[in-house]
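One chain, subunit A, appears in both complexes that follow, with subunit B as partner in the first and subunit C in the second.
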Partner chain A sequence: MSFDPIPYDLLGAFKYFLVVFGSAMLIAVVVCLIVGTLTRGAKGFTGVFRGIFDFFVQITHVSCRRIWSLTVLTIREALRQKILFVFIIFAVLFMFAGWFLSGAADRPDLQVQSYIDFVLKAISWLVIPIMLLLACWSLPEDIKKRTIHTVVTKPAYRIEIVMGRMLGFTLLGSAILVVMGTIGYIWINRQVPETAQYKLVSKVPVYGEIVFTDREGALTKTGLNVGDIWDFRSYIEGATKARAIYKFTGIDESDAIDDKLVLESSFEAFRTHKGNMEKGGILYQFIFVNEDKNLRVPSRPLINKEYSDNVLEVKRKLKYDNPEGKGEGDAGTEIDIFDDVVDKDGNLTVEVQCLEAGQLLGMARPDLFVRTPDRAFLAGYSKAVFGIWLPMVLVIMLGVTISCFVKGPVAILTTLTIVLVGFMSKEYMTEILSGQMQASGAIEAWYRLITHMNSQTALPDGPVKFIIEIVDAGIINFLWLCQQVIPNFGIFSNMREYVIKGFDVSWNAALLPGIITTAAYILPCLIVSFYSLKLRELEAK
Partner chain B sequence: MDNEPVIQISNLTKIYRDFWGRKKVRALNSLSLEIKKGEIFGLLGPNGSGKTTTLKLLLGLLFPSEGDIKVLGQPASNVEKNERIGYLPEESYLYRFLNAEETLDFYGRLFKMPAKERRERAAELIEKVGLGHAKRRQLKEYSKGMTRRIGLAQALINNPDLVMLDEPTSGLDPLGTDDMKRMILELKEQGKTVLMCSHLLADVQDVCDRIAILYGGELKVMGRVEDLLKEQDETQIMTSRLSDEAIKEIEQVVAKHNGKVGTIDHPTATLESLFLKTVQESKDRPGQRFVPDTEEKKASE
Partner chain C sequence: MNKLTSKQRKLAYVIAIIVLLIPVIWLGMPSTGEEGSGGELAQLRVKHELGESTLGDVDPSSASMNFVLLGLRGIATNLLWMDANDYQKRKEWAKLRSTVDSIILLQPHYMKVWDFQGWNLAYNVSAEWDAVEDRYFWVKEGIKFLNEGVQRNERFPELDWKVANLHGQKVGRSDEWRLFRKFYKVDPDTERYEDGPDPEINPERLDNYQVAKEHFLLANEKELKHKQHLQMRMLFRASPWHAQFDYANAMQREGTFGKQRTDAWAQGFKDWTTIFGREEFITPKGPIVLEWTEDDIKDLANRDENISEADVRHWTNRYQDTSNYRFWRTRALSESETETIDAHKAIYDGEQLFRSGKFDEANVQLEKGMQLYAKVLNKYPSLLSEDLAIEEGLQAIILWRYIHDLKGLPIPDSYPLKPLWNKEQGRVPQLENDLRRRYGIQ
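Let's look at the complex of A and B:
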């Protein structure tokens, strides 16, 4: 598992939203006041406040009935434009997908993953672009054909037109998504062979926090770095006092599966010598620790099978001298894993120890978890489909908003650019802006390129350097603005990853950030579209 | 007719500007007029004179560059005023994928009309504009005349106090034109105010109480139709058909009173009235050829 489901900081996100949204609004009002005063004097100044007041009046007086009638109109329009032809493409894809996806017969887990991946990708790649096109095209077309004249000359607020469009496309997209999702679910169930059906589950993991001890037994934040550029995992050295210590919280007997505590791990090995290859992996061991009771219960030695999940089922009642409890401690003593190892506050501490000298075992926070009773595959799958619904709604909101002030083709290109940047470059931008990634400005890079100057040499002092720094600062500020405004679409693709890997989609680490991200754009989109339509002459020649 | 002003325009100027804010066209220049409750007011002028611009400024589709507009006592930008307004655009900008019933239902919903009232009103209007036979056909299958009719129906869905009609008879055949004029007069009878733009002068003359003629965005003439058209220095007497002797005697009487006879002729009907008569006869006596009242017909009789 290479993804780390970090719990969402709701309060932090809310504060961040308030800062960005509040400052954006403040800047917009100040700019409008200056422009209004310069162009129209006192009338322009008061007009800005009247405009702000208008928004609140309209938003508080919107009529659900009118919005619903515009919603129905939007749905009718799309249906009569033969939107449902999308199902033909969908059907064709599914008719032949089985031919291309069946292959890894020796790895049923991979086979299941590829089926789920295909279904979820096919749905999102069909639904989201279509809704993007519809959302960006409808309002400009309405304005171009002047059909909007017969609507705005009725007692319909312009914000209601925007809301009706957004809601109409959302409902239509939702219906398409439900049908496609259902077909996809049936298809997966039929496609996955009987022998691999057990893989269709939604595992519910409980993740802990991780700290390390070095070879002398002293606590450290990280383990060893073996030179891997990807420093996701830290390593512990075998046959020393180096340990990875996982601390799980909130564990109780309801987390048991068939009266067993189930631990699932996927550690990565780093070998300094070939070792005994016939064993099938490096030996390691868990030690269950309860310091309150001075209890250290080691598991039997385990073999770390790489590139697959290692499952350890620990019986609730265990003795030290049985295979699971063999090792340190008072032999023959029976303990209850939930009463004795898990402390009274529900904390469970598990130490991981590599048993082979000269070998290292790499691990990260999500590489070991307590597996609690599984949920049905449908539960995780439905949440993953919901994970397609959220970006779809966001794309619709952005598309309709942008189409309020530019023509259809420009709206499509703009929205598409935002979506692609949000999907692919958001983290890259964050890394540049936070200083995690060393990068000079675009103009400086271009200057160095054409003058064959290496990156270590300082730019010569003078007007050239001054201009380069000024322009690069402008570009960086623009990048900062984009980073603040463009939604992080990467959040949504995480949900698909959960289901592909057999997990239930985490509420705190995936669903909540997705919902909050989508919800955060509702108000800004409404404000931008309101003023775009309000300040626009719908009949400018 | 009431003296209460329904539309008040004062010093209205509209300048169209390009992307950079440079002046392109001065479409209206200091237009001031007032339209009273219950009258049919015609806005006339050649193409590009500013008729439609005026209408769109009144509806809030355009923003005035200068001047003030009050419609039903409220600023043009006020959405609430639209509760009492019906608007038929120059070309019926309607959703072509809807049928007549769906169209009226949609617009009725925008007025928050209850479902029952909406259905009844839609059925009544569809019959009134003569589209009962095509109410389930999508508008994209309609002829231009049919589209104008459903356009008028949507303008009347809310039973408005003020109806703004932009070129209401454009694209209509004489029958449709006649129906449209009849419906406009009916609106007046119901106490509604009608503002119509047209360059079909005969239509305006038939229905309007007052007119204003615009040219180059400026108001050139405004007043009551009969006042503006009345020839103050001439007298017209219409009688039944007279013999040549009788005509000579009349000429003598006129001369005796220092008058001068201009023309003496048999009045001709308009082509429109002949057309309407032919259609009506064809309806009443299907299969028979209609023979108009010509000299030849009278001679043969």
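Let's look at the complex of A and C:
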């Protein structure tokens, strides 16, 4: 596993939301008050508050029955627009998927990953754009054709129109997603050969925290750097005191599989000499440590098979052969892994050491975990499909909201831009804004390009520099604003990664952030769409 | 406003359509498949062999993907290429493989894409894996990938050459060559391939160098029709015969000294002198042949009045030097002789005995090998122009000297191959290092 499932900071996220949302609302109210007062005097000032009040009135008086009617209407309209033709493309894709997926056919373990990746990508690439088009096109088309009049003349709130649209598209999208998800699930099951069916599971890992010791045995935060361009893993040197120490918390009997503690690892080898290559990998060893009882229980030497799941099943009761001659246990004593090795607070400490001189073993936090009883593949898969549903809902909300204040084509382009930036450039923006990426401003870059000035030379002092700095600062601030407002769609694709690699989707590190991200846009979208629709001249073409 | 009536406007449209259709039909009419049929563009396509089907096998998925992308395939390829780099960096091998396949769907006739990615899979990705079985799997992936490239591109002899080179050099000359050559005949996935080779790689259960030779021959055949841009033409065309020598040499490296090995050298000599040696190559002073007789020199000089016999001799000599022609000729000839075989066998046995710690027996065998090898070198001094031949002798001396050191025996003043030892001192430190690693000598 090459990604690090870091638990989501819910409280931090909520605070962040309050700051961004609160300040945006405050700025909006202040601007409205100023504009209102300047254009209509005191009437304008009170009008703003009336408008705010109006939203609260409507939101508290929404009728489920009316929303449902509008939802049904939305679904009917979408069906009339032949939305279900999407299944034809879906069917064609699946019929010819074999052409594109024959790559790693000789390695069923790699092939399974390709199949799952394909199914989930195909579903999201079909459903999300279709729902985006529908959501962006629907309202402006109604306004253009004036069919909206049949609704707005009825006793229905504007907010209900918006909610009805959002709900209608969401229900329709959900139905399509369920059908596609089911077909995809059956397809994967049929496509994966019998020998690789064992790969279709949802492993439930318990991750620990990792620290290292250097070759002298002193604690360090990281191990050695072997010059790998990807610094995800750091390395411990073989046949020295270098160790990687994993600490797992909350381990008890319920984590056992068939009364065994199962550890799964995927370390990376780095050889400084060829060594014995016929063994199939570098030798390493786990040492289970309980400081309270001064107990150190080494495992047998293990062979590290790279990029595979190395599984060690430790029987609950094991003979302690006391090789290091210290601690409570005597040679031959039987110990219980959960009672004796796991300490009284439920912590399990595992040291990893490389046994071969001159060879190094690389590891990161997620490279070793305690595997608890697996869930069915369906469990992880459905969560991954849910991970498509969430961005779909978000896209629908954004699409409907934007279509409330601009025409169809513009709404499509705007939503598409937001989605693409959210999917592809969010990390890039964060890198620029956090200073991780050494980047000059856009105008400065352009200036350097046309004057052939390299990035090491300082800009000459003078008005040009002043103007460039001012404009670039403005652009960077705009980028900052975009970064705050545009949703991070990357969060949702993480869920796919879990299932592809045979894991259950983590609640803390993937599902929760996805749900929270989607939920965070509900209120802002409703507010923006409500006021846009309220202020919009619905008679205009 | 327009003064034309609706009818007149429609008529004008029809006329405009017909007028525009004439150049469209003239230019773009599709070919019926017969020569000279179709519009101007279709004829040009046939003339310059630019049609999809004339370039190689047509992959419908590739063709349809390029059609759907219209002019955006360059951008799409670049994006995919960046993805592939990223996957490689993050060691996502399955994704890398499928992304590379997608790139190929978009650029099926761009030779460098096949060349680079095939090499990348067989060399870079393979080296990232720790277990030799896994490394071999990725070498096979590289070969299979390039094989596909060959099928899709009939006009690139370079691709056949690259395939051959993977079969030959990658399998036979890597650090892991012993296991690779073993896996070549019995794939590590024994269950799937039933204790045989992967049929996509080695359908006829041959030696890797024999398969390499077959592919080099295919490359040579294609090279007669389509120019290659890989290396000097003579060297390119020498490849199959070098593969034959490698085949014979590999048996020797593995300690097989029977008839099969002698036959392989004999076959190599025959191929080298009667096929490669008799092939004409164009030099700045006309054609030459590497295996020449006086009559050939005269005949070649007589073809052009501006070329003298001295010119032909000069250029023949230069080309022989470039291709190391005389060395390989002599080597192949000498390897069929009993004395040479005995020399190799004694040195090989000495090394094996050394490896198993039987130093006395090793010493005897190495001394015997050195004596015989000295005789061979005296008989064929031109062998001393080739690295492999020199290193074989030096390795024997190094081990022999090491045994003497170990036993506290003085090195005699005179011993076989001493002139070679004195002459090639520059190579000794590196060879000593290699042997230390190979035999675990401290």
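Please note the rule applied: the second predicted complex is superposed on the first by the 519 of 541 C-alpha atoms of A that agree within 3 Å, B and C clash if a C-alpha of one lies under 4 Å from a C-alpha of the other, contacts with A are read in each partner's own complex, and residues count from 1 in each chain.
Here, contacts are C-beta pairs under 8 Å (C-beta built on N, C-alpha and C of every residue); 3 or more make two chains touch, one makes a residue touch a chain.
Remember, it's a predicted structure, so these values are computed and weren't measured experimentally.
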Simultaneous placement of subunit C and subunit B on subunit A, clash or fit: fit
Should A:His452 be classified as contacting the first partner (subunit B), the second (subunit C), both, or neither? neither
Contacts of A:Arg190 with subunit B and subunit C, given as first, second, both or neither: neither
Of the partners subunit B and subunit C, which touch A:Ser69 in the superposed model: first, second, both, neither? first
Once the shared chain is lined up, is A:Lys221 touching subunit B (first), subunit C (second), both, or neither of them? neither
Which superposed partner A:Tyr157 touches (first subunit B, second subunit C, both, neither): first
Given the touch rule stated above, what does A:Ile282 touch, subunit B (first), subunit C (second), both, or neither? second
Looking at A:Lys344, would you say it contacts subunit B, subunit C, both, or neither? Reply first, second, both or neither. neither
Between the C-alpha centres of subunit B and subunit C, what angle is opened at the C-alpha centre of subunit A, expressed to the nearest 10°? 120
Minimum C-alpha distance between subunit B and subunit C after superposition, to be given in whole Å. 24
Which residues of subunit A are in contact with subunit B in one complex and with subunit C in the other? none
Residue ranges of subunit C in contact with subunit A within the complex: 60-61, 89-95, 97-98, 100-102, 105, 129-134, 137, 140-141, 175-176, 179, 189, 192, 198, 437
Any idea which subunit A residues touch subunit B in the complex? 63, 65-66, 68-69, 72-73, 76-77, 80-81, 145-157, 537-541
Interface residues, subunit A side, partner subunit C - complex: 2, 96, 99-104, 106-107, 110-111, 113-114, 117, 229-230, 232, 268-269, 271, 273-274, 277-278, 280-282, 304-307
Which residues of subunit B touch subunit A in their complex? 16, 25, 27, 56, 59-63, 79-80, 82-83, 85, 87, 89, 91, 93-95, 97-98, 102, 106-107, 109-112, 138, 154, 158
